[in-house]
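We just call them A, B, C and D in the order they show up, numbering each chain from 1.
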Amino acid sequence: VDVVVFGASGYSGLELLRWLARHPVVRVVAASSDALKGAPVRGRLPEWPDDLAFSAHDAALASARTGQIALLATPAKTSLDLAPALLDKGLRVIDLSGAFRLVDAALYPEWYGFPHSHPGLLSLAHYGLVEISAPNRSTRLVANPGCYATAAVLAALPLLASDLVGAGAPIVVDGKSGVTGAGRTLDESLLFAEVAESLRPYRVARHQHTPEIERALGRLAKRDVMVSFTAHLVPMRRGLIASVYAPAKPGVSQADVARALKHAHAAHAFVRVLEDRPPETGLVAYTNFAEVSATLDERARVIAAFCALDNLVKGAAGQAIENLNAMLGLDPATGLTAR
Amino acid sequence: VDVVVFGASGYSGLELLRWLARHPVVRVVAASSDALKGAPVRGRLPEWPDDLAFSAHDAALASARTGQIALLATPAKTSLDLAPALLDKGLRVIDLSGAFRLVDAALYPEWYGFPHSHPGLLSLAHYGLVEISAPNRSTRLVANPGCYATAAVLAALPLLASDLVGAGAPIVVDGKSGVTGAGRTLDESLLFAEVAESLRPYRVARHQHTPEIERALGRLAKRDVMVSFTAHLVPMRRGLIASVYAPAKPGVSQADVARALKHAHAAHAFVRVLEDRPPETGLVAYTNFAEVSATLDERARVIAAFCALDNLVKGAAGQAIENLNAMLGLDPATGLTAR
Amino acid sequence: VDVVVFGASGYSGLELLRWLARHPVVRVVAASSDALKGAPVRGRLPEWPDDLAFSAHDAALASARTGQIALLATPAKTSLDLAPALLDKGLRVIDLSGAFRLVDAALYPEWYGFPHSHPGLLSLAHYGLVEISAPNRSTRLVANPGCYATAAVLAALPLLASDLVGAGAPIVVDGKSGVTGAGRTLDESLLFAEVAESLRPYRVARHQHTPEIERALGRLAKRDVMVSFTAHLVPMRRGLIASVYAPAKPGVSQADVARALKHAHAAHAFVRVLEDRPPETGLVAYTNFAEVSATLDERARVIAAFCALDNLVKGAAGQAIENLNAMLGLDPATGLTAR
Amino acid sequence: VDVVVFGASGYSGLELLRWLARHPVVRVVAASSDALKGAPVRGRLPEWPDDLAFSAHDAALASARTGQIALLATPAKTSLDLAPALLDKGLRVIDLSGAFRLVDAALYPEWYGFPHSHPGLLSLAHYGLVEISAPNRSTRLVANPGCYATAAVLAALPLLASDLVGAGAPIVVDGKSGVTGAGRTLDESLLFAEVAESLRPYRVARHQHTPEIERALGRLAKRDVMVSFTAHLVPMRRGLIASVYAPAKPGVSQADVARALKHAHAAHAFVRVLEDRPPETGLVAYTNFAEVSATLDERARVIAAFCALDNLVKGAAGQAIENLNAMLGLDPATGLTAR
């Protein structure tokens, strides 16, 4: 299968290439990067197997062909333009930005700061959080979930699926992420000397992943779920933890919580349920695995659930390849595990 | 005033020495460290002004004299032994461990893992979170607050003091700290290669600072306050953020929250209320200042309040010197600001 | 081919497992770790494909069988005991420690601090710096090179092979490495709070990799080569740079230097010669690639040559697998590249 | 004494303010920053004692008055314009850039990339490496040394002053620095995600500090000294090590080296000679102290000398204040030590 990667020199784009290079079924025929056009992919990714050079966005778009799959690691606004053009040319599209994650176009100005230019595509788009619902051979457009959303949903999913969460209070999600989540953005606040040895919240109570978390959790709970989500920037390159604090329903015990976790993730190849320690991002870095745990705070009747993952893999490129595999009818783990 | 520092070669102990070296009224007559006894203080702290060498605990204790002040940067179990001995010798004591922070001795086995050997001292001890209540010239024993507790209380204080918090749900405190908070402990999980590029929760819902936070907030709220607190280890040396999520009372607005913050901290020399950005640990590192902000999440009716501080200064040594100043009747900022 | 990994839970051992898991020809039948015996490999390495558990050294040794290959990621002293026992049982051995790297047993007390207990094996051992000389199907014992040695030799090789280095002065090697090079050693000086935001030389002019560098360079130069080598500890997990400063022979030009680099490494699959920028460890991290460059300082008549690599891959586990491939008669890159 | 700081919001500028705030004799009357003009200094430096706001360069220049001292923490090109204007207005000037460090204007195009616009000032400028020669009450213009130059000279000074260095080979200086040395420059290569977990040489054999090192060492040696200098970027905020490799004269012993170090730095308040361990940047961070050591490699007849310092303090702002003190006839350590 021929695939085209747009935005291939950003952190998520390079991570896509790293995994696609190992994928047994896929061939990357173009990798676009306006910044690095003409430069060999191998210059940024020494293990790249051939002489492919980055091409300009326009050239990659012009060369795209029916039957190919396009992976967009571009900013949301770029994806909004690219996706319709690629769909028109007969490609199937997996978009890693937020451009097609929300169902209601009216939410875009509030959460993304711009009106949605192609609201019609929102109903076409499949929200590809694979542990909830994977795409299939006929899916044409996948909205790959946000990194924080993936972690928050994997942590909360068992609690809601087993109906352990009380409805009286919102769910608090405290997210912490390494800086690659922000992309290779030239912003003074992302300089090494500003980030190292420092820690700060950002987008307090207004992070754009909030509505996708609420929608995914609402589907699991079969009721509206309110989430208060704040993100924090941590001085590390990769890795993300979502700490989810949910009110426990009366009568729920730690045993119920443990059982719910085991049950909910039993069939999920890339989610490991931990019983003897909390999740740790370093142990899943550079892999597509997520670690989850949950503890009932009996005094406060709060369930504290945690999910650790690599924001560039399970939180972006790896999950995109899970979606790709599902669109091709392959085993979900194809190209993502050691063998 | 002559002071003796016990546990002077640990991270908090060295930080005490760093600040005491600049203090205009104080003279350090002994600095104990069993690990480094005999070595010059200057070997660990190049700016140390004289030839003082670390002495053994026993020697420092033997040389302690009535009228001096002892600062204990020792583990809780060591402080439990040292404090009574020093009080008996007529010294006044500021203890930086948790040995005297809880009023109820019965809580020690649960939260600290040992029974309290001197319960009688708990009623003598003054809990020295200076923004709530400073000691005075007659205080003999100060329990210097925990680093997480200081940050959590400084963030939540304005909300409770202005009665903005609903009673229907517990307050969630998500703490994140650099590794010096754990002391110079020889533990594989604290090696650079284990901590760098990684992030993990620890002591989920059972951190020993929980009861002191609950008690301090309860005094402010004039009712019982339930707190669910989880700490996280962040790959940095210094710095700590407490992210406090409290249910907003009906009718409370962002303007109420902003007003409460300004009002509550107006008289606190070392607390800066921020309106245009969230707190950031890097900006207060190596200072005794704390930064706080709070945002009402109108959708979820949660107040997200944040406090950033340097865990070794405002969270330990700096606040201990504020307590020292108060015990001596000095200006609270003596020795802690540029001039 | 069945392989046994000893010392499998250390940093080099885990890295061996990470790569062996992807190797198409190899099956790991035992992975020893006294510290983690009984624990599943997957607990430390989530992508591990099966249920293998760590076994005790003794058990792994007892189960070892003729025809297998043993990879030793153990300390030198442990390797000194294990290697003869395994050879006796008919296994072929690749040792990642320094136990068999020096030809002259008399050098061990000086550089390693202990007398060599099996001097007879030193002549059997093949020094497996694959760019100089790879083992073959009949090699029974490989001494996998030191991480600093690999980098220093890859940087200096072209200069000596093309006879560009003057003999009047020693070659200075200034090495800089991340902390995983030191192993998971419980040493206060390796705690995060001691390493982060700090930098220090160590083993000044007496690092144990010095004699293997001198011997390898001497073979290339066909004369004795004197090296003054000092290592530095850098606050990062992985990555190493050897900065090599060699006196230029009279008449040598930058063009000569560039030509020598291209020529010397033209056939080396895992060495990339850079002309437009110096090497950078971040770009080769988690890969088996090394980057090299060299610049003639015309004023001082010094050639400054640099090699960057990942100390755990090209500097340890990856190169061990190159040696394994050569011992099996496989393509050298088997299991080490994307495809 | 009234002082004006130009470029006050950069890393060196803020560090100047941090120390000037504690200085007993000095008052900062203006702090210029075009980027932050109008913002309170306290917003970047919480311990700042008053309400001073950053002013525009032009406004600070216009308000400058005869008898004041100007400290320039501006880029070299800006200093080239500011210094003559300030001198004309009767101020005395300490420039932290390279604009006035070289005596020969002809060297500027080669090392700095621009022709020198005020060559006449080069003979007026005093090169203020205080351990070699401090300015005095009549000095009007001080060129504060480069951070690498300070470290390299402090390491090499004893060797040259005691005539221990052979003339047959150049001195190799391998410098390693944290990122604040590069200033708060918006450059993709300085983003956290590019610097963390990476290490790279830069300005190989053509770093602009080379000529000032050569000139300072030549003065000490009383002959021409050739230096080959390469810098490396280390993933940390502050701290710098110069590793100096010099050929030992025949007959020189380790005892000679040790004696030379002790003797040369005996009178230098801020230089600590180490005999039992190499220098370590973390121990001098946030102080004006430098640590030095030197080891004779007897085999290679190379003296390996090391100096560690904080590039923003002893390598910039702290040394500038030493110069300021000398210009005012004060004790050299005024405002730079604990007491």
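Throughout what follows, a contact is a pair of C-beta atoms (placed from the backbone, for glycine too) under 8 Å apart; a residue touches a chain by one contact, two chains touch by 3 or more.
As the structure is a prediction and not an experimental result, all values here were calculated from the model.
The greatest centre-to-centre gap from chain A, using C-alpha centroids, is found for D.
Listed options B-D, C-D or B-C contain a single repeat of the A-D interface, assigned here to B-C, on the basis that more than half of the contact pairs agree by residue number. Centroid to centroid, with C-alpha atoms defining each point, chain A and chain B lie 38 Å apart.
Rounded to a whole number, the gap between the C-alpha centres of chain B and chain C is 46 angstrom.
Multi-chain contact residues, meaning those touching two or more other chains, occur in chain C at positions 178, 194, 196-197, 235-237, 283. Within the complex formed with chain B, the chain D residues making contact are 18, 21-22, 44, 46-49, 196-197, 272, 283-284, 286-289, 291, 337-339.
Chain C makes touch with chain D in their complex at residues 168-170, 172, 174, 176, 178, 194, 196-202, 204-205, 226-228, 230, 232, 234-241, 243, 245, 247, 278-283, 285, 293, 295-297, 299-302, 304, 306, 308.
Those residues of chain B lying in contact with chain C across their complex are 11, 178-180, 184-186, 188, 190-197, 235-237.
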